[in-house]
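What follows is chain A paired twice: with chain B in the first complex and chain C in the second.
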Partner chain A sequence: MSLISTLARLEAVDTGRAQPAATVRHRHLSERPLVFVPLITAGEAGAPLGALVGTDRDAPRLLVVPQPRDRELRFAFLAELADVVLPYVDGFAEAVEAAERSETDPETGKRVKVEVELCADAPQMLVPSRAGVDLVRLLGRSMRFRRTAEQDPETPFPAPPRVPLLGRWLTHFGERARVPGSCLLLAMTDVLGRHWATGQSTLEDQHLGALLAWIDPPEGRSGAEAAEEAELARDDDGQLICPPAGPATDPAFDNKLLAPAIERYDRARTALAAAEDGVEADDRLGALTAAEREIRALVESRTRPTWDAVWRGLDLLRELPEGARVEERRTRDRWSFTAHRDRVAAGEPPQPRRDDAVTAANKLAAREREQARLEAQEALDDPLAMAARRLSGEAFAGEVVDVVMAYSESKRPSPRPLVTVRTDDRPHLGERVKAYRSLGGKPQTAEFVEYAAGPDDGLLVLRIMDKMGRGKEPEPGSVPEKGDRLCFTLFEHEPRGGAKLPDPEETPWTHGGPPGEDPAPEPADPVTEEDLL
Partner chain B sequence: MPPPRTPEKGLRHRLAELRGPEVKPRALDARALAALAANPGCRRRAILDGAGVDKAKLASSLGSPSVFGQSQFAFVRGNAFEAKVKADGGTELLRLAAEKLDRTAEPPMGARLPDLGAQDSEGRTRRTEEALREAAAERGAWTLLDHPMLALDVAGSPAFLEPDAVVVHPDGSWTVVEIKSFPMLDGAADPAKVGAAARQAAVYVLALERVAERLDPPPRVRHRVLLVCPKDFSNLPTASAVDVRKQRAVTSRQLARLTRIEEIAGTLPEGVCFAPELPPEQLEWSVESVPATYAPECLSACELAFHCRDRSRTAGAVTSLGRPVRAELGGLTTVGDVLAAARGEAGDPDDPAVAALRRAAALRAEALASAAEGAREVAGCR
Partner chain C sequence: MTAPVEETAFDPGSAAARATDAILHDTLHGPARGVVVDSPPGAGKSTLVVRAALELAEAGRPLMVVAQTNAQVDDLVLRLAEKNPDLPVGRLHSSDTDPYDKALDALDQVRTSAKAADLAGLPVVLSTAAKWAHVKNVEPWQHAIVDEAYQMRSDALLAVAGLFERALFVGDPGQLDPFSIVGAEQWAGLSYDPSGSAVTTLLAHNPDLPQHRLPVSWRLPASAAPLVSDAFYPFTPFRSGTDHGDRALTLAVPSDGSGPDRVIDEAAESGWGLLELPARHTPRTDPEAVGAVAQVVRRLLDRGGAAVSERSPDPTPLTADRVAVGTAHRDQAAAVRAALADLGVSDVTVDTANRLQGREYDVTVVLHPLSGRPDATAFHLETGRLCVLASRHRHACIVVCREGVTDLLDDYPSTEPVQLGTLVKFPDGWEANHAVLSHLAEHRVRWRP
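Presenting the complex of A and B:
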């Protein structure tokens, strides 16, 4: 945490309201996001209990597993989930635009441009909290190796047709969420926490209700009071008034309400199975339906407040103007989405349990590169983010006080004007350290020459190095003028990644060597009688 | 068996006074001992745990009830899994232990399963020690101790600890087994949960080492424990060896420091008592007489955390925003002081922390003003 954000938190404590931690919105928000509010059963490896899911704020679809330990019911839940998620995802797969991508020609080994499809927009899934992102990944893992009856007639417990495909998409969303700045799958607490500083710790910010209470407290109350109420207030029944955003439920809810309801459901089911004639069966079916309805009501009562909270968070975020470079990152999401669409369409096997060495190294390198890019872009989009970089000596802002024309000493002299900037910032400069400023959206490079007076006077002499055209005279507007207010950064605006990694076939022996010939597809998880997911 | 070190009469008596004369002490379990390592500087927690005060009850009496609870679903599932792991004379458990920890040893066939049943905790502890001694005498065989009971001297009073199981290897060495119901997915489990399990197992290792010291020759207590979890999404057990040397060292140091309890007790004013039936005002006074070191991490580890958080916030302590916050603020510890220094109303401008704060405040104000100006311009263009 930088000192600036610490200060913002302290101001939030002082004023009783969250303070801005960003002046623009740094994440793309889809116009039609898919909101997913899942609940799981305590103690099981991600056995779902229910969920609210959908794109319509007023009409979420309620999915419930009345007995979470029953495989059939769980498959029914996953099939229903697939019925909501897959049409939503498919809706983005069809509208495409033409784009170019450079690829290595397999015959000549040269880089050539190829025409490819790029989806015009990409889906966006929103979950309440970071634990929800983990659950999406876990559900993806649990489903993508399942076999349907069509794929494998011998499989002991075939999954419903579209469940493995849902697993692959959820895996892709979960994996993409690990790339900094990506927006295919977002946790509402993370996005809100990026844009507001509350008067509590980041640990407490994980509670969506408390976080919203700080950002937008009810009339006449302080954020601290409202947040504490959201965390702790219970009704006469001992239940939390603002249920946890999940996916884990409150133990008091499990023990007092859910467990008895599930027990009634189990009894009704046993009774129905033991019914001896049609009339009796009808009665008992009624009892079973009633028991199921009761569990549905319970699940809805715990998910609906969170569902509303996620949409309220969206409202608050939409009030912020979108940062200028957010669209560029969104395009990367579109590439990622298109690539996975193509892999599915090409009939490739599901994502492996473990990545091979080259894929894993590539993923890590990509995440590092995107982290650097995100930090640079956020700073360029947002004066508040830039302020933190200025404070840490990675950027400086100031006024141009003098410009002296100078030329390089080559055969064809090019303009290398010397610009003197007065700044109050304390950048970490050394001889020929490069600094960059944004000129019409592109970075212009300068080199630090010297301090005009002394290191403490804040007069910096910089030599402008590029973006001045080919002629002897710089193009108009390409050289700063006296009186201009400029902001230079010591970090690159468009950070580059490291060296290219070898192709998987060239994996060095230190990293396991090249993969074997055409590896067999990964087997499904073995199923035992007592399996729970 | 040599008796555990006799605590000083004075201290024991004093702790009983603190707890309340009619209140039975709450036994320390491994989880509580491991949690001590999370916030070793907290004197409040040290004295309350040392005196065996029920912190959950105390928190309720103070009007800030704790939020810890276990769902019965998790409880049932945990027990069912443990029963499955130990079923059939622990065959599967021993197979996992041999595979993960002791591949050169004889495969475990017909392991010994001593009966550890006894009337009370002391009796079970004695039975466990006997069983361990017998196992030490009989080299070359595997022995499985199901729910042994170990006593560990904590600040003068014995805490009784019950590991899920202890395995005696054919070479005479001992291994702690920890059975957990969170899944090991594709060979990896949630690192936070594994960390908690390792801290807990480290307490058992320490307790076992005390038992080993009393034997001749002392058997080796292995520093790699066996963590048994369900495999992937199934109910089948899988295991992994977890090195707990670091956690053992940390816990051992914490336990040594716990002897400070006597010193803390000595500083308390006359009349301090934590009996839950006392009126809230008196309890609050008692609790406040011991200083706490609250940090947000306490919320997931200590029953009293919400009470301490309230106090910390009321006092305006910056640590209520997280421990790292404190690090960059130098000697300024309250919200009021920091903000006054940032606004230039107080503080020494030559103090580097104050100077940095003022620069941060100026930069923040400038950025917010420029953003507001930008927004106005955009609005004007429309």
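Presenting the complex of A and C:
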């Protein structure tokens, strides 16, 4: 934790309110996000109990699995979920704009520009907490290898038609969420935690109710009190007033309310199956429907507060202006979305269970690059983020007190002006350490030369190295002037891309050689006893 | 019955020579595509790399050498040039400013270029893994030497392994593992986990490769090798090349009775010293501990230290360039530098464990990674970090630490999630830290600044 965030947390404790950790919003928020508040069944990994899902804050769609251990009902839930999610996703696939991408020409080996489509906007799915992101990934994993009756008439338990496709999209959202700064799938607690520092631990910040209580406590109450109440307060029946954001449920809810309701449902179902004539069946169907309605009401009562909390979080975040470089990162999300849209359209198989060596290395390299980019861009967009870097010696701000023109010692001397900056910061500088400042959105490089009067006086002499044009005289505005207030970073603004890795077919012997040719599609997980009720 | 006889007759020189011969034999004449050499601190790894390079070049096998940093590459080039001034050597470098040591320009047999094609046909070409990864569309080299292979990440090896047919991998398994700045749990347990070490991936896919280890540390004194070996290499023990009495550290100026002086005396006598400050939770840049480190260094230089070793019978003065300070974090290093500057000390190396890897000094002063901390995170417990800090010295190592680290270790259970399919690393940091602390406790000097 950086020094400044420790300070912010202390201030939050002191004032009883969360302190801003950012002056701008560092994540893109879609105008029409899809909010997904899922619940799972205790003791059944990945068995959904129900969810609220939708794009309209006043009209969420309630999906419920009245008996979560029944495979048919789970499939019905997933099919309903597909009916909500896939039309939403498809809604972004149509509108495209023309864009250029450089590709390697297979014949000449040169980089050439190719005209491609880029989706004009990308979907955005919001879940309440990080555990929700994991569940999206798990649901994706459980669905994408399923076979429908149309794909494989022999399959013993065919999935409803659109379920495998939903699995592929949820997998894509889940993978993309691992890329730092991406916004296709966001956890509300993570986004709020990035923008506010509360007076509790980051682990406690994973409780959406408590986090919101710190950020926006009710009138006349302190954040700490409100957060404690959100975590602990129970009603007369012993139920949490602010239910956990899920997907796990509170054991008191499971034991006292849910289990008896599911039992009543089971009994009603057995009774219906045993009905001997039409009149009896009608009555018992009524009882079954009533039992199901009861479970639906229970699920809604646990998800609705979280649903409202997610939208309240959105309201708070939307009050912050969007950071200048957020749109650029959003464009990367659009590329990612477009690429997956194209893979699906081209009939490619679902994402494999495990990445091969080359894919794994490429993903890791891309995420490290995005992490560096995100940290640099957040600092450049936001003085508060930059302050953290300045405190840790990775950047410094100050006033230009002197500029002396100098030239490089080459046949065609280029300008290399010496700029003296007075700063109160203590950057980690050494001889010829590079520093960068933003000049019209582009980084200008400088080199540290010396301390003008000892390291403690804060007078730094820098040599400006580039972005001054081709001539002997620097272009106007490209050299700092006396009195300018500047901020230099010791980190690069644009991370450099690494070397290209070999193609998977050329995986070297040290990494097991090329992956075997395996044209057969990956089978779905085998059915085990536990899968059947 | 023969074992005890061998034990008493252990001759470090011939044991090391036997190991080197076996390595070179497997490298030059063995059938396997790869050979792995584990080398404890100061066991002559660079000497081995240089010798193997010269022999491969002599055998007419085009050789590429992969090291991890530019400083390591330059160092190898200079050593090669020193051993065989007639051997043409290529130094492939990046296109940044000042990409290599200017000393290389003075050597006629060294050709430098940023393009691999310019260096084609030279018997030996050296560069960093990062630069090699950009080399494409060339005829593969017959042989490669990968230096510091345990510090190389698996994905870095993936990027360069297509460039060679066979390779010798050399490294120290006890030092810091490579790391990534983003989570890589997704691939934990896969044989080719890109965030793991190159050697782990290599051996997972090629379990039959011959593995050797160098049995003798020439750097560590007889007082340090048993501790470092037991604490960090429990299953692959090594010995020191010198015996008790072969090295000595003497001080011309007698002790003034202060804590720093007493700990210096203890370390000069026994090879280890622990300067223990009163227990306290502190910020990372604990001003008292940082001040204590600076004072120990100041007194070390003031007291006219002189080192006698097998290298020279005459005492060598203990100058600032023979002393180093090691810390866990960069801000701690910066604080120590500032404190030293206040005491008028300039030329002493102060750096983090990461940057001290592979370096060697007469005396090191270490700010203990867990000193003053309220918690014991995986970063601070990492075995490699303590191992690097405790194995840079030829004569003595002085550790500055707050009291209470043993309790801290006992209070904090490891909370890292268990990943299926991954190799559990032994010894774990908890155990290694305890082993080192219990040994240091015998050389403790308590001091209240």
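Everything that follows uses one rule, which is that the second predicted complex is superposed on the first by the 525 of 533 C-alpha atoms of A that agree within 3 Å, B and C clash if a C-alpha of one lies under 4 Å from a C-alpha of the other, contacts with A are read in each partner's own complex, and residues count from 1 in each chain.
Rule of thumb we're sticking to: a contact is a pair of C-beta atoms (placed from the backbone, for glycine too) under 8 Å apart; a residue touches a chain by one contact, two chains touch by 3 or more.
Treat the numbers as computed from the prediction; the structure is a model and nothing was measured.
S.K.: For A:367, using the defined touch cut-off, is the partner it touches chain B, chain C, both, or neither? Pick first, second, both or neither.
M.R.: Second partner only.
S.K.: Under the stated touch criterion, which partner chain does A:354 make contact with: chain B (first), chain C (second), both, or neither?
M.R.: Touch partners of A:354: chain B and chain C.
S.K.: Quick check on the superposed pair: does A:377 touch chain B, chain C, both, or neither? Answer first, second, both or neither.
M.R.: Neither partner.
S.K.: After superposition on the shared chain, which partner residues are touched by A:44: those of chain B (first), chain C (second), both, or neither?
M.R.: Only chain B is touched by A:44; chain C is not.
S.K.: When the two structures are overlaid on chain A, which partner does A:251 contact: first (chain B), second (chain C), both, or neither?
M.R.: first
S.K.: Is A:67 touching the first partner chain B, the second partner chain C, both, or neither of them?
M.R.: Touch partners of A:67: none, neither chain B nor chain C.
S.K.: Looking at chain A, does chain B or chain C touch a larger number of its residues?
M.R.: Partner touching more chain A residues in the overlay: B.
S.K.: Which positions of chain A sit in both the chain B and the chain C interface?
M.R.: Shared contact residues on chain A (touching chain B in one complex, chain C in the other): 354.
S.K.: Touching residues of chain B toward chain A in the complex: what are they?
M.R.: 67, 69-78, 181-183, 185-186, 230, 232-236, 296-297, 299, 306, 313, 316, 318, 320-322, 324-325, 328-329, 335, 338-339, 342, 356-357, 359-361, 363-364, 366-368, 370-371, 374-375, 378
S.K.: How about chain A: which of its residues touch chain B in the complex?
M.R.: Chain A reaches chain B through residues 1-4, 6-11, 13-14, 20, 23-24, 41-46, 68, 138, 141-142, 199-204, 224, 232, 249-252, 254-255, 259, 321, 353-354, 382-384, 386-388, 390-391, 525-528, 530-533.
S.K.: Can you name the residues of chain C that touch chain A in the complex?
M.R.: Residues of chain C touching chain A: 33-34, 98, 130, 133-134, 136, 154-155, 157-159, 161-162, 167, 180-184, 186-187, 190-195, 198, 201-202, 205-206, 330-331, 334, 338, 341.
S.K.: In the complex formed with chain C, which residues of chain A make contact?
M.R.: These residues of chain A touch chain C: 178, 180, 354-355, 357-358, 360-361, 363-365, 367-368, 371-372, 392-393, 426, 428, 432, 455, 498-502, 506-513.
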